[in-house]
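There are two complexes below, and they share subunit A, which is joined by subunit B in the first and by subunit C in the second.
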Partner chain A sequence: MAMLAKNRWGWLMVVAVVWLVGGWGRAAAQDTTFKEGVRIGLVYSPGTKPGVLIMPVGGDMADSIHTILSRDFEYGDRINVVALDPSAVAEATTAARVGTGPVPNYPLYAKLGVQVLVQANVTAVGLHVSVHNVVKKQIERVRDYPLLGVPLSPEWRLALHNAADDLEFFVTGTRGISSTRILYESGGRIWQVDADGANAIAVTTTGTAMSPAWHPKATHMAYMQFGSAGTQIVIKEIGGPTRILSSTPGGLNTTPVFSPDGYTMIYAHAAESGADLFAVNAFGSEPARRVTVGRGSDNTQPTFSPDGRRIAFTSSRSGHPEVYISDADGTNADILTTFNFGDQSYRGSPDWSPDGRLIAFQTQIAGRFQIATISLRDRSIKQYTSEGVNEDPSWAPDSRHLVFTSDRGGTRQLWILDTDSGRPPRQLTRSAIRRGARLGAWSPPLRPH
Partner chain B sequence: MHRTQRLVVLAIVAGTSLVAACKKKPDVAPAPDAGPGTPPAPTCDRACQDSIARARADSVDRANRERERLEAEARARASASARAAIEAKVFFDYDQSDLSASSRATLDAKLPVLRANPGMRLRIAGHADDRGSDEYNLALGQRRAAAVKRYLTDQGVDAGRLDVISYGEERPAMEGENEEAWRQNRRAEFEIVAGGDNIVVPK
Partner chain C sequence: MKRRVALLVATAALNSACFATRNDVRILQGDVLAMRGEIARADSARSRQMAGVATQVASLLATLSDSMRVTSARLDRLRGDTRTDLYDIQQQLLQIQELTGQSQRRLQELRAQMEERASQVVAPAPTPTDSTVAAAGATPPAQPTAPGPNQLFQLAQDQMRRGSYATARAGFQELVRLYPTSDLAPDALYWSAEAFAAEGNRTSSDSAYTEVLTRYPRASRAPTALYKLALSLDRQGKRSEARAAMDRVSREYPQSDEADLARDWLRTNR
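Now for the complex of A and B:
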């Protein structure tokens, strides 16, 4: 083989010769925008991330499916996507499915740094996927995923992302984050966008809204909207009607968040003095009960621990905003982010990671907000941004990626960073609306329905 | 008297006067109505009389209108100044809701107007500069508006006349990332929501 290793194309031609399986159907209007971050198998360093090669897909929308699966694995940061130029792969012959055609040349793929081969073909009902373990030289898993709706529609994409996330779980042990959406504010409306940046659509059509939040089952969302006599919390069923939370009428009602069991809502309310957190049955009509006793200070931006027993929030009770932590009923409150006396900079916007280990927050450094995390175990702080102003972090379900607002590109947009790899953040939104996009809220895993 | 008879009488009187003036010596005290230099009484017909009356009335009207105009202007000025006192903004330090001495003076200037206009209701809107967290700044704006309301109610203004609302950093008065813009944006604004049509000027 060494004589063939002179250049990349030599390798690819070998692949083309030995791999004769896999249809390479083509269809119009396909999504082939995936170009960035592509790595060839030769750069794979063993022991970090499994190298996965997605073979050319057979059937309708093949290029789009290949592109979306590759991008989903790439954005997950847990898989080393081995890319081969499609032109270097031979056209499909008659055999469209693994198992009916020749056996792949496993030793060659192993040398290319490939540990897993994913072979996908579109069938009448969806996507038929075989996963090869290159090391064991065998197929480990065969599964059919339904593809719903019109190709490239939001439902169709969600179904495909769901397949990608399930495959990622099978390969790495951690479910991917591509079948998720992010709520955010732009131009006074609440928007949602797929985690890969597709399908940005306005969810609210009237009024001025802020501070969106997901229900843990993704059946509802909540947000704040401006009214004539103050601001209100709105609870909206996804794709359904809205209801105004009326437990504290008038004044400021803002930063709603659902408890992990989905039944309780905590939000900030202020009338004639400072803002305090209040808790209420999100779907009932009981009066709200006070959670914090701020004595005129501002207490806002609550976030729940994943077990629902604790909350973190922003409070100015020390004189300027810091992140505090307390029991969910407001007792045993303690400052979480330590500060130096006389320090006028501040910290806020906490978001508790789904695995419970970290709280992400924004901290002022040299007058500019940056994204950081603090460990609940030893209170060690890690800073993740330094370019521009970076605010309002929200965790992905994998407790590894954060969506945040940044002006690093000139306007405020949402970006996503990986807390593990240190890879440069990728831009999620490209809102042309004045003042851009902000206040991202990452959904729980979404299932196609 | 008929019109002709009256004219005849007038003519006779005038003629007699002229004759008398000619006959009498200068050292004789002149008749009060016909002293030296007094022009001969003009003849003035009906149209003449009417125009004199009209002119007189016009001039009175003009004077009245001018007086009214000046009074209206003065009232408008006083009213505008009362409105300006009501609408004058107050400003805050970074991340603070305390009222400075100059803020308290600005608020004190509103008190006589509020007392003279018991039907007037205000909406106090608290704002923040854009350096803090967007969500936290909504709470900060609310705290600023509430601090202003508390000061005014402490001075005797009925709490029911004052609504508070916060816009956080959502509605900047001045765009820009500099000290002046930040200073202009850390403010409370006052909107008259009732009783603003005919502002009674305090004495």
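Now for the complex of A and C:
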């Protein structure tokens, strides 16, 4: 404060910039007293998200690093990124960045709603990051993150996302979701895209593939592929060879999913008598074991509970598709989604949240699918979408964000919604292929190699 | 002589009969022609009549055929409607079954709540009185009633859902101890086995599954317990014991879902 008091213009400029760019700082600084007379306007609540200011980054690729870190924090929905014009705080940041002279003007930053300052400098080996606690007026953490590969390459970006997620964990106690990828189907091929929408690349080149699924350690992926004898389950090592699951007989074999320990795979096998789920050692040669007793109904789209002891799946045994839940060996099957007598709309595509509390699914409302979740504790249902047709939800590792297919933009694309904040969904893919993108599968956290 | 005269008369008579005149022949021919004409007229009339009858028959047949077709279509529709109705009824039955399941869960919750409220009803605190009154046999203050089986089951299930397996198991075992004849006792014993399994205590879970079979062999949980025991034996590499258990599921509980799964297992694990 003393420093800026010498320069009244600097102080005014900072206040003006903060007023214009908004954010947490503005909310905190808002005059909440009501004057006499008529008033029209909105009162913003400052919320509970910590305000983080990423100071201008020093070194090569500075702007890209600043942009990616800011975006990662923003997409995580747990941090309020305070946006300030770099020139407005140049005096305070320059001295702090080089590590000489006065420390950052903590009282000023506190007044602007900043609780955490992130200082990052590019070094020869990667990114040197200091995290300041503005309230305690001290540096709380210093860490170096290696940046691998060519700048802006997928490996380099993944390393930077990993740094962002680690910082988010330090600030909020929950790891971010930016160092993840999403598999999806587009034009009969399986693609993958970073969680921020960058680096969309096809991972299958031939055949017609669908239903991608991640191995829990992200070392493999599985999908179904059309062949001469129907469809078969393919397991592909990431960056390595593929092999066909030997236990899958002819006919339709669909919707594979790995168990949380990564050893078992459950998939749906359809025959004339309906479709049942089968469990098999994903990397062995034992015969598959049936786990559902459909008796002519269709049982598909399995998803494991985080402890691997239970599964949820779509079954038409009640007459039309509903979400069922059972033990992983198929016993104790019970309907999960409640319905009213005579109700002909249906529910399906369940995905169990990584924290085990919720199951996301698609539910037909007025003839169109929408995304909803059901609590396993009290079976309460919460609907998240209403615009367009929204299908195939898949949880992020933070059990808070969902990727889903939606036609709200005109073509089917993948979108991401935050189940906590109710913030409008953001579009993830922009596939130019006519049929768009669908069947998203969110990866576990990825580590740079 | 008389005989000769008689012969001559007879011969003359015969000759007069054999020689018809031309006029007779013409008349005869006329008669024949007339008769032929009548026959022809009669034939054509009959033929017209027959044709009429044939037309009528054809018309009747066509009408009958149309009626048959309509009736057949009606029958088909009726059959279709009946099938649809039957299918609808089947679906509705299935839905009712599922709804019954939902209702049973809700009933279970309600029973538990009722028991909880009943247990909260405590007799009013005793007013300070002369100790001699109590000594004289006054009613002692009522103790809070113990939780009922529904309440115990609900509480233990809640703990199970939260992952507090030891607490859940204690609740289930308490239920079996206090209410061994309750409808919920087999379920409680089964879930105590599940709690052991969730903790990775395979030996104890296998024992508990066996106890379900021993104490409540006719319970709806019995085939599930036996099937899980068989799978556990298989995981331990005890193939022949697993096979025997699977065979037992198939034989003793042939109508259960587990019997279907066991038969499938036996087929693929010969």
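The working rule: the second predicted complex is superposed on the first by the 386 of 449 C-alpha atoms of A that agree within 3 Å, B and C clash if a C-alpha of one lies under 4 Å from a C-alpha of the other, contacts with A are read in each partner's own complex, and residues count from 1 in each chain.
The rule we apply is simple: a residue touches a chain if its C-beta (ideal position, glycine included) is under 8 Å from a C-beta of that chain, and two chains touch if they have at least 3 such contacts.
The model shown is predicted, which means the values in this text are computed figures rather than measured ones.
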item: Fit-or-clash call for subunit B and subunit C when the two complexes are aligned on subunit A; value: fit
item: Subunit B or subunit C, by number of subunit A residues touched; value: B
item: First, second, both or neither for A:218, with subunit B first and subunit C second; value: neither
item: Contacts of A:139 with subunit B and subunit C, given as first, second, both or neither; value: neither
item: Which superposed partner A:346 touches (first subunit B, second subunit C, both, neither); value: first
item: Which of subunit B and subunit C A:255 touches, first, second, both or neither; value: first
item: Touched partner set for A:301, first subunit B, second subunit C, both or neither; value: first
item: Subunit C versus subunit B - closest C-alpha approach in the superposed model, Å; value: 7
item: Common interface residues of subunit A - those touching subunit B in one complex and subunit C in the other; value: 320
item: Of all residues in subunit A, those that touch subunit B in their complex; value: 208, 210-211, 226, 229-231, 251-252, 254-255, 268, 270-275, 296, 298-301, 314, 316, 320-321, 344, 346, 348-349, 362, 367, 369, 391-392, 438-439
item: In the complex with subunit A, residue positions of subunit C that touch it; value: 90-92, 94-99, 101-102, 161, 197-198, 224, 227-228, 231, 257-258, 260-261, 264-265, 268-269
item: Contacting residues of subunit B [partner subunit A, same complex]; value: 94-95, 131-136, 138-140, 142-143, 146, 149-150, 163-167, 170
item: Of all residues in subunit A, those that touch subunit C in their complex; value: 287-291, 293, 295, 307, 309, 317-320, 322, 329-335, 338-339, 341-343, 376-377
